[in-house]
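Structures for review follow.
Across the two complexes that follow, subunit A remains constant while its partner is subunit B and subsequently subunit C.
So, the complex of A and B:
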């Protein structure tokens, strides 16, 4: 029996020793694990792993992958910093392009950004991607279609028409004039809100202001002057509030449309994966 | 004694495996974080005019609003909106903003353009209604 226990102990101790001996956190293993997380699209944890290895020993390709992780997570501010630091490394071309892409996604001015990095590309794919990026930035900045000569050269035929319609919408947005909205509401209460397509608010304003105006008129007619003045005051309160609200409503309408158009454009471009050839975004892994 | 030895050895081997806990699933919330402060009944104010406004609002809350129930569909509620809009702009602009909000509160037709807060109210902060020319910081 004693021999039996001795044998059990003998078989368990080597297991414990082996489990202590195997180094789980060697840089190679962590890199392999980070690559696995990246492939599994767990970019948050992949970036943490890459950063842990990178803090021990600086490495350009690790920094590049950290930047890619942030880019994939739409954390453009942090991605931009990583790509900017790599602009002169052996991954310089790709990093410069991705730096410009992140700047574009952050709605920053690409023209200013191109001054801070070289825009010469040896790789033809990157060159094309950069031209597409430049054209997209021009479309977003509201440049008219006539200036977009090379649209059909750099983009596929099927996308050219869609991009042209985006260019038209950016250069000639369907805006509502805040002053016109305020004026409409000053003439007919609620008309400015209906002009900005807030139909419910417009009708409500008309009914509320009209009702109090009628009550004021009716009380003055019946010689109830105190009540008449109270209702006249309420009419003035809702009338002026409606004129003010119509002005703001038109302003908010314009802002919402602009935001919506930008979002549609960004998601269209993202769905097409333009600007960056797939192999450098790491999707080949 | 021998059993104790065995338990000791097994417990060691179990602890040696607990490293996986570092990678356990974390609870991530994707919901938008919104400041949703409760009503402040404090009468502390920076100037006498604000004190008067706050007194009126707190009186209304205490004697009418709280008794009447939680009815306003907006966040902040109309009375809080008035206080905040006067603080963000001035008494004239704040009153105009309040008049507009009050009319929108009457709207029974459709209120589809508002973001809904986690508490189920319609988010409608006064900053959305400031005139950009008067307040340059507003977009």
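So, the complex of A and C:
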């Protein structure tokens, strides 16, 4: 009989609880729902759910997941701030690594706050990831490969070769001189553009400038002075435009090379997930 | 059965009923957010309902509501995803048909013309939808309308009694539209005429002026036996302006037609009271 009444009371207990608060909005249920949204890759809603629970009772684990949501939504600024605040929590090592990753992705100077997060790691795997990412940042900053590879042996052989090549390209980029390009075009119209590998523009410039110069000459010879001067003006216009254009073309070439190299490096790092183990980004969920 | 066990079963039953009431109020909450046009929150609450509805009692409604909210929020791929989920879960023919139509409507908005045609063809072939042929025709008309094929849209709407307004609108648009080929054709004969036809008078005058000037210079150079001069002016200047005149005539006609189309779609969105995608 006592067991029976105990069962009745046990059955009534949830009802009494539910009458005070909606069953679907208890912190536990919200957490379960937020985890589900996270798995469904609905990170915006997941972050809102985590925030709602976290604002009622602060929890480092929830803050960490909020940071992850921002990271997944490419909102690196907010993700970085979350991970920085968690640097001394029980998820401190993961947070410090993800802080470095988000800083890297923001293309910020990662030295600014690195000192405060670059302290001893207990988890050796995370420490290795941290050092790798630090080294990647140094490569991007243009440190020469001789300096780099005396610093760390953390990379695998295949990665070392790729990184060496990137380090070489970053420290000694193949640039074209804008002044040389302008000078070449001043001597032979279009030559500066060909020097910057802008072949189509170079040939067009040569033909157009040459054609107008010929028309000016032809008209002066035939005593059509007005037309001669019009074509002479056009020749001067195209000639000076081509000299200036060659200077700009060399600058654009350098910028494009730099951008391409950065993009290739970012793609490489992205393929390696910035050396960050996927488990700490909630991929196991 | 002993009365005390009967009492226990009743309590459990009551508890089940309570959970169901919770889910029902959650559905009502999500629907009220949708009605208030708070689509983001409506999706959150409908997803919460779907997540906690372990018995899948409300899964059709919740998925459909999520789909509708995504559509209203302009997230059309997500809308199709959830309507498809609702279609799979649907239990009755009415539910199945209604979600199919919702998917077609979203695909019309996505301008997936061929896909919609294919989906409608498949449904028309199906004996189950014999009685729904006018509905299918109606959405086919909208598909043509969004595809800028006003003539065929008018033709399809003409077969449906309730779509007379849409038929008239489509016919009016068809009359208002400019012929791109005609605009280009008259510009071939008289440079600038295509621009005049589409109402771009300044551009038309400028085009005519440049072509007359460079045409004159070319002819003059050839008649003075300055062949190289004539070829240079003719190819570099006259031909450039002549070609520019043709592409301008085409561009203006296309732009005007696009404007007419967008104005009509905007009018239909704001003023048409009947069913629309």
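Simple rule for what comes next: the second predicted complex is superposed on the first by the 251 of 285 C-alpha atoms of A that agree within 3 Å, B and C clash if a C-alpha of one lies under 4 Å from a C-alpha of the other, contacts with A are read in each partner's own complex, and residues count from 1 in each chain.
By our rule, contacts are C-beta pairs under 8 Å (C-beta built on N, C-alpha and C of every residue); 3 or more make two chains touch, one makes a residue touch a chain.
Not measured: the values here are computed from a predicted model.
In the superposition on chain A, contact of A:36 is made with subunit C only, not with subunit B. By the touch criterion stated above, A:24 is placed in contact with subunit B and with subunit C alike. Within the superposed three-chain model, A:245 lies in touch with subunit B and out of touch with subunit C [touch as defined at top]. Touch criterion met: A:219 reaches subunit C, while subunit B stays clear of it. Looking at subunit A, you'll find residues 8, 12, 15, 24, 45 touch subunit B in one structure and subunit C in the other. Touching subunit C in their complex are the following residues of subunit A: 1, 4, 7-8, 11-12, 14-15, 18, 22-24, 29, 32-33, 36-37, 42, 45, 48, 211, 215, 218-219, 222, 227.
For subunit B in complex with subunit A, the touching residues are 2, 5-6, 9-10, 12-13, 16-17, 19, 23, 93, 95-104, 106-111, 113, 128-129, 131-132, 139. The part of subunit A that touches subunit B in the complex is made up of residues 5, 8-9, 12-13, 15-16, 19-20, 24, 45, 198-201, 203-205, 208, 237-238, 240-242, 244-245, 247-248, 251-252, 255.
If you check the complex, the residues on subunit C that touch subunit A are 4-5, 7-8, 11-12, 14-15, 18-19, 22, 25-26, 43-44, 47-49, 51-52, 226, 228-229, 232, 236.
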